[in-house]
């Protein structure tokens, strides 16, 4: 409703549209989760309940915001990818970021008791901040995703070794830190093949722990996406197809309706896969094309 | 930790610092609350439980973020004011907005069952979006606050009359709408004195309802702030003092520590006051000066 | 040098980096050129001297800023394209825009007397404003260039007919406008083949003017670029190669030096070509690859 | 005119409105003026012709853009202040910056031959870059202006001593630099009173040069503004009045016309005054109020 001489203040709001035809990544990060880990006595180096809760909250975000094509989570952070043709909220950064953060937070808090059955939440409650970054090409986007997964790998290998030295090796924090500082990470371009190097050595030779047998969720993080039938490898170059799109496609209404229906029927899954190699993307062309795939047959 | 050839993607994040020496208002808005009202069967035109829950969540936000000097809420929205000298998160818009939205959401969801004792939440959960706007002067800031409170007044008077026509007058929605469309709001510069005009007339002449007797929370909205001893009216020009500040003051560490302690001890209160007139601001100089006031004597 | 208590004001400058890995187009527009046309009595619908002067100024800009890969001008505007890998001024928008505008203006004013030999400049002097826009893909960039060239075509056909009706047909401005309003432009996807339609009809049937015989500069505008040997058509997909680049390439210093030398030796040419069709881009791969081509043999 | 399927590219242009109710400072800086000084053999430490040319170009900018209330220049830079109520180009940063830079450049190049009568310009021509910064309060704005004038003072004292040591003292560049590095600048809060210290000492004791007798233009830089009758000192607090303005005033059309006329009649002067002390601002209230003063009586 029209409102008085004060209304001029509306004009101070600055527009913050994200550049069209770019991939929008919204990353959500836990605020002060080191304290939270201590407060609720989370397991080290990984607390399965905490990660399952992050994944459950992320799955709701992906389900409720169909413009999100894929999400990737590790530790207390989650990255949500909006397709480059997305026009949600006219691509206003603050609307997109705050909606993702709020939906994530609401579900994290609401689902807490499902995963932490005997540990009620108490103030200050867990909360998250968020930011949006635009990536112009599929290669930039995939490099972002790879960056997060390499980070997951590096941190998890470090943390696994660190906590093994403490829990099984009887070292204290400073001794473990010192020992690891002297053992640089092997040169890794990405996570292919057996990961060799000093940390694996320590785990295996001293503690008979084979890092490769650690749970996939800890080693690779979690990917969340709508699940359709995989296509044959080598039949599709998803990146090229996506980069060729110049602008939001003018779909017919019927087609848009059909896509929407298909999307809402699709199962949103949580997997722990290598997202650095081409295979993940090429076999799931819908992630980059934004066109729903074939519904998988019931088993 | 250092991380591979993918790390270049970090450089795509754009800085979003808010202009220094300006008042930052973060407004949080309920997403799709019309649906939410229907789903949980909220009372019309005002549901006390819903407003109390909004206020409770806002109180936590103000308590946990001491850079917030005052907040104002009405309906499903809340505006949080950060002092112009605030340097939280280097004044990065996305960090500030997402932190406020996330803290608000977490507490809204967590406190839901306290206010809606027999109405459990179910997906999709309530969520909020947010935005930040900068105001250069105290007058701009106060005009913003006045804008929201005038809006509160206009909407509440309309809604009260609308729902009275339906509940007590037996009209249906369309009839009530039509009747009110023909009764324009009286010229209001602000909320001073008795609010006269057609809507009040309708309420009083047809239903013997005196709008002035409606609950203050519905008529004025809610203000949240740290409570200190009021100063004598006329002894202080808060706006002038605040506008004269050119930059974040260089406080001594001792002083900063003292202020912090005082702030953390202060009671964060929820009141329903006229924030348009000078009186509210002049008697609470700490709201604009960012210097804690005197702790009120125990009653 | 260090400087006093006032230096804090530097922190109020806001960063304005343009998104990495996107094509930067800086468009320069004449300010108030309608007045300028009247003041210096420029010829209608096209003044060759004025266009030659625009082109001469643009050629200097392209020569002095080697990050510009191609430029396109029509009427009183010029668009300069910086390669997406460009890191000039850390991609700060205001630095890039102001440098282009200033260099263009300086040369426009300085070269004025070369093209307008008997018409000295007098205050207020011609000036230009500018803006920067980012395009994520080659297709977006080419669509931008096509947009400007189609605009050139539409306007020139209109203006040519308009001024013919006045100069040769004896109509006054209003009569000519009215007549043309009744003759909508033929459906044009782009400028292929003979342009048919009412305006051409008018020109030909009434005045025996064949629009296709008008000067290329008027019909197509002007393209400015470094000239190397053309490659065979069909041997190169320039767009695909350019889109595949994810980040500023890490060239060896020797290679960078070689490229720089080659670029500085290249002739900067002004041509009047169709830049909408693939042919222009495919035969000049250096425009999109940012790798200098082969120096053409001397004739 | 409507234009094809390519027109969507327009939507990629990002808005860049400067925050309302803030002072806009556009600073223009010479690009590569060290080279330019060498090329045209400018006098050291100050070349009167070069400074006069800067001032002449700035005077035109202030004259042609009445939204500029005051400008300050030193060396190869000029700062133009737009009143906080300015709505020129809807406050779009790139339009404002590019217009100032272009107008300045055009006049600099055009007026060159007036000041450098025997030194024709040759490519590469002088050019300038520019940026816009917003200041919320008069104190911030004045601190910005003070920052530039203190800079002027520090640099000029240094340069004067440096070049005296070389020209009169027979030192070479390195020897002069070394000697001055050992002589730190005296603690200066601002330029009040006699400037004492080592550099003045060197000038006076070794060369009998009294720095205070150096030309005002070199010591203080140049201020450009519309000239009206000075008001009595102490009768006006310009800063307070200006800060109290909350939004662009709603002037009556008649008043706006009158102001415009007065402004266009006012003489734009170039002075060399202390702009750090209150006096300069308090005696010229029109600089901050944006209301034209009284036309001075003819002498």
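General remarks:
Chains here go by letter, A, B, C and D, matching the order in which they are written, and residues are numbered from 1 within each.
In the analysis below, contacts are C-beta pairs under 8 Å (C-beta built on N, C-alpha and C of every residue); 3 or more make two chains touch, one makes a residue touch a chain.
Chains and their UniProt names: A, B, C, D = tRNA(His) guanylyltransferase.
These numbers come from a predicted model, not from an experiment.
Among the remaining chains, those touching chain A (tRNA(His) guanylyltransferase) as well as chain B (tRNA(His) guanylyltransferase) are C, D.
Seen from the Cα centre of chain B (tRNA(His) guanylyltransferase), the chain whose own Cα centre is farthest off is C. Residue numbering at the chain C (tRNA(His) guanylyltransferase)/chain D (tRNA(His) guanylyltransferase) interface overlaps substantially, since over half of the positions present are found in both copies.
Taking each chain's centre as the mean of its C-alpha atoms, chain A (tRNA(His) guanylyltransferase) lies 43 Å from chain C (tRNA(His) guanylyltransferase). Our note on geometry: chain C (tRNA(His) guanylyltransferase) versus chain D (tRNA(His) guanylyltransferase), Cα centroid distance of 33 Å, whole angstroms. Distance from the chain A (tRNA(His) guanylyltransferase) centre to the chain D (tRNA(His) guanylyltransferase) centre is 51 Å, each centre being the mean of its Cα atoms.
In chain C (tRNA(His) guanylyltransferase), the residues that touch at least two other chains are 8, 12, 14, 19-21, 134, 140, 143, 247.
Contact residues on chain D (tRNA(His) guanylyltransferase) toward chain B (tRNA(His) guanylyltransferase) in their complex (touch as defined above): 19-22, 84, 134, 136-137, 139-140, 143, 240, 243-247.
Across the complex, chain B (tRNA(His) guanylyltransferase) meets chain A (tRNA(His) guanylyltransferase) through its residues 1, 3-10, 12-14, 16, 28, 31, 60, 64, 93-95, 97-99, 101-110, 121, 123-135, 140, 143-144, 146-147, 150-151, 154-155, 158, 185, 188-190. For chain B (tRNA(His) guanylyltransferase) in complex with chain C (tRNA(His) guanylyltransferase), the residues that touch the partner chain are 8, 11-12, 14-15, 17, 19-21, 247.
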